[in-house]
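The following pair of complexes shares a single chain, chain A, combined with chain B in the former and chain C in the latter.
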Partner chain A sequence: MAQFEVDDVHAGYDDLPVLKGVDVSVEAGEMVCMIGPNGAGKSTLFRVIYGLLSPTSGEVRYRNESVLGLSQRALLDHGIAYILQRDAVFPDMTIRDNLEMGAYTAPDGYDLEAQIGQMYDLFPMLEERADQNAGTLSGGQRQMLEFARGLILDPDLILLDEPTAGLAPKIIDQVFGKIEEINETGVTVLMIEQNVKTGLQYADRAYVLEDGQTRFSGPADNILDRPEVRDAYLGGGTDEADGEGGSEARL
Partner chain B sequence: MATAVGDRLTTVWTGLDRRHHLALAALVVGVLAVVPLVTNNEFLMNTLVLIFLFGTMGHGWNILGGYAGQVSLGHAVMFAAGAYTTAILFVYYGITPIVGIPVGGVVAAVVGLALGAATFRLRYHYFAMATLAAALIVRVIFFRWEWVGGATGIEYPFAELGTLASLTFRGNLPYYYLIGGFALLTTLFVYVMDRSKLGTYLKAINMDQAAAESAGIDAFRYKSYAMGLSSLITGVCGGLYAQYVLYIDPASTLRLLRNIDIIMVAIVGGIGTVLGPLIGAGVFITVREYTRTSLSGTQTGLGYVIFGVVLLFISMYRPGGILNRYGGRWDD
Partner chain C sequence: MLELELGLISLGGRLSLVPQATVTAVVFGFVYALVAAGLALIWGVADIVNFAHGEYMLIAMYVTAFVASGFGGGASPVVLVPLNAALLFVLGYATYRLIISKVMDAPMLAQIFATFALVLIIRYSALFVAGPTTVSIDNYVFEGQTQLAGIAVAHPEAITGVVSVAALGLLFAFLRSTRTGKAIRATAQDREVAQVMGIDTDHIFGLTWGLGLAAVGVAGTLVATFSPIHPELTPTSWTLIAFAAVALGGFGSVLGAVAGGILIAFVENLGAVLLNPSYKELYVFVVFIGVLLLKPEGVLNRGDA
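The block that comes next holds the complex of A and B.
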């Protein structure tokens, strides 16, 4: 049984339908990447999952239980963390305080010090700068802080909204390396990624979202080789997009 | 120079620990407590009473505007709610302001929460504009509402003044301690709040509401707490103001500049800081009272001109206020 499921979700804004039947199914411990051209509905899907937008129909289930329309706090209580796309640290708080904010909804008996210690093990840079204000960190470091803040409650599933958006190419590999490390500790990862090639390199499985529908899914490493995916995703011109350089330029 | 002084103040304050804060505060409070024993200069006493009153209003505004980051341009509504409630209960129903002032604070808090419920979905300048619109609407209503005295307002009956039950006094001295006491109480409250979980969550919402929400913080709820506390303090100030001037009308309690005065003291002193509103009120009221009395008659508006220049310099050289929470970095 899948850990997390999106079942035939339709959603949109006013009269504009954006999602027209999205199905996603993620197994526990998987790392799944959602790709698709701009406007395909990736961010809208995450808004629905995270309770920021009500779908017109469909269902979102976590461990076979509906989590549709739950507050962000309730989702955290279920073990689902959401890491925002843009730079979202608290710049005038220290790194330690930022981490503590992540534990705002911690249940009774939660060991904050132990969890912070674990985050420092995973991200040693954060320990070195624990008393520094988060505003002094670079873009990549802030992303690490956000991961740590999202992970501090020990979630079972994290939703990553374009984790490498706006980062320098050199940093992108580091960030994915960390995501992989997080995934290896048993945390399920569902992410949207614009850096398609890199994202697919690290993910186990991928979904291609096009025009508000999930068109394909399959193992991440060969999904771009499927002609119908390339067709849909690259907007035709399969022949020209054959070579490495060609497809990268288009992505 | 102002920058250097402000930096110095900020450094000195943040460099001290809690024990030194309290010792320093006790010293200032001690000095202020004996001032009336040394002098009975009317001008000085009146200026200090007004500094206490405006500093406390600044505290009230600062909880919502400075800590939670919700810039209200309509706090005169809560000020008037407190002032009118106190005056109506006393003048119409004979209920002592000892009861009336707290009731006024509660009424102001209810009004504030209703205003918040209607406007908290709006962010940034949209929220500010909505609160300003509310202030303008309430002002028009009070000008026309006969039951609350319309444009002429409510006057305290002279015959009943001077008794303890009326909480009105001849001379400034009792007001000095009454309003000063409330200022002290509010300052202590903000000092504790600044370091509390509530203070941290409000600052987090201010810095990045979406990030705070993704950590599970219910922004609407905490903004409502801030609005409730802010309105309560502002409403009590309104009640104290009514007791002090013994006469309220829409022109004085609800005028447009009242909204701005309240914000000004917090901004000048240092938005989102514990002592900022008091320091801002010190600068603002001193300039205003001095120019008002020494340049009386034709140049009545000059105080605002001078204060405008002060404000201009502060916004140019010290945009975070005299005490700067952000250590010079404000535009982020």
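The block that comes next holds the complex of A and C.
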């Protein structure tokens, strides 16, 4: 039984369909990478999963229970965290306060100080700059803060939205190193990645989304060997209204 | 020659009034700052312009006058400050839940109409209940004045200044240090990200309206102890002052609004003694337009709630 399942989800904005039947299935402890051209609907799928956009049809299940239409607080209580892109930090709040907001829905008995301490152990850079506003951090540092903020409630599944978008190649390896580290602690990772080659190098399995549908899926290490995937991927790269940033497909 | 002399004497005479005007400016600066901070908070967090800001202040002022007239046994404004703050907080929260939440995602014009409707409803309800005449509180609890180095400080105004500073301090401490205050700032910076953190942004917007109007409740209670209350002129002039302060301070920045409020009080009071007291509101708006032309982002824009 898969830990997390997306079943035939359709969704869109103002009569413009973006998702036209997406199926995703993730096993506990897996690292799964979703690739596809800009406008394929990857970010839209995350918005649906996280209750920020209502689908027109379809189902999302976590541990065999529907989580569609739940509040973000309820999703966090279930152990599902959504880690946004680096621009999502609160720039005019300190790193510490950003982390505290990550733990906003913490249950009774939660030890905020201990958890913040754990995040500092995982990302020492954050402790050095704890009282600095997040807006003063570099892109890579902000991404680390995003990770810490998303991990502070000890989630079981994280949705990672383009963790390396706009980062320098050297930083990208560091970021993936951290993702791998997080995954090895047992956290299931479902991520959207524009840096296809690097993403697939670290992931267990991959899904190719195109034009709002799941086109292919398979083990990450050989999905690019399939000519149709290569064609589908190279055929994309145009800017469509999906807020997925620049076309940085590296193949 | 004679004219020049008269001019010098006159200028000297005016300069001698500067210390007194400065004290008045400080006192009014703090209360302007408090009213403007409330408007800026709502503006910055909920991204909505409350045109009825002065009308809510009117409510607090009438409640104060009503109590002072003996109905409530002449209760001290010291008691009324927290009471009116609580009353206006509840009114603010209810206003958000019942009216504003319905237009949060509506076009700006719908939002403007909604708060403008509040202006009309509150103002004419006040006319209906309290009548069209000016109400003044005479001989209230804080009478008299103190002479300090030749400067007269009227007690009601002095208390207004001190309590306004205390209220501003509390507001800032709340926003800086409490979990809810941080959630308010987080929501102001990015509503959707705040939602992803599990913050109930609808509740936060309600709290913001409550806090913004509680500030006005404190200010209204204090100002009513020395300033006459008119159902139309009073709210109009206070809304204008708050708008000018918020614009000067950079729209939506609470700290900026505080700076804007203090600046306005200084321009008003120093302009009155150095130039002509009849035009004191004109000076405020000359400076206001000047700032908009030269530094439209405000004198102290930090983009932070």
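The rule is short, and it goes like this: the second predicted complex is superposed on the first by the 234 of 251 C-alpha atoms of A that agree within 3 Å, B and C clash if a C-alpha of one lies under 4 Å from a C-alpha of the other, contacts with A are read in each partner's own complex, and residues count from 1 in each chain.
Here is the rule we go by: a residue touches a chain if its C-beta (ideal position, glycine included) is under 8 Å from a C-beta of that chain, and two chains touch if they have at least 3 such contacts.
Remember, predicted model here, so these are calculated numbers, not experimental data.
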| item | value |
| --- | --- |
| Chain C versus chain B on the shared chain A, clash or fit after superposition | clash |
| Touching partner for A:178 - first (chain B), second (chain C), both, neither | neither |
| Contacts of A:104 with chain B and chain C, given as first, second, both or neither | both |
| First (chain B), second (chain C), both or neither touched by A:42 | neither |
| Partner chain in contact with A:92 - chain B first, chain C second, else both or neither | both |
| Which superposed partner A:142 touches (first chain B, second chain C, both, neither) | neither |
| First (chain B), second (chain C), both or neither touched by A:230 | neither |
| On chain A, positions contacted by chain B and by chain C | 71-73, 76, 82, 84, 88, 90-93, 97, 101-102, 104-105, 149 |
| Chain A partner contacts - residues on chain B that touch it in the complex | 200-201, 203-204, 207-208, 210-218, 325-326, 329, 332 |
| Parts of chain C lying in touch with chain A, wherever the complex brings them together | 179, 182-183, 185-186, 189-190, 192-200, 302-305 |
| Chain A to chain B touching residues, read off their complex | 71-73, 76, 81-84, 88-93, 97, 101-102, 104-105, 135, 149-150 |
| Touching residues on chain A, where the partner in the complex is chain C | 50, 52, 71-73, 75-76, 82, 84, 88, 90-93, 97, 100-102, 104-105, 149 |
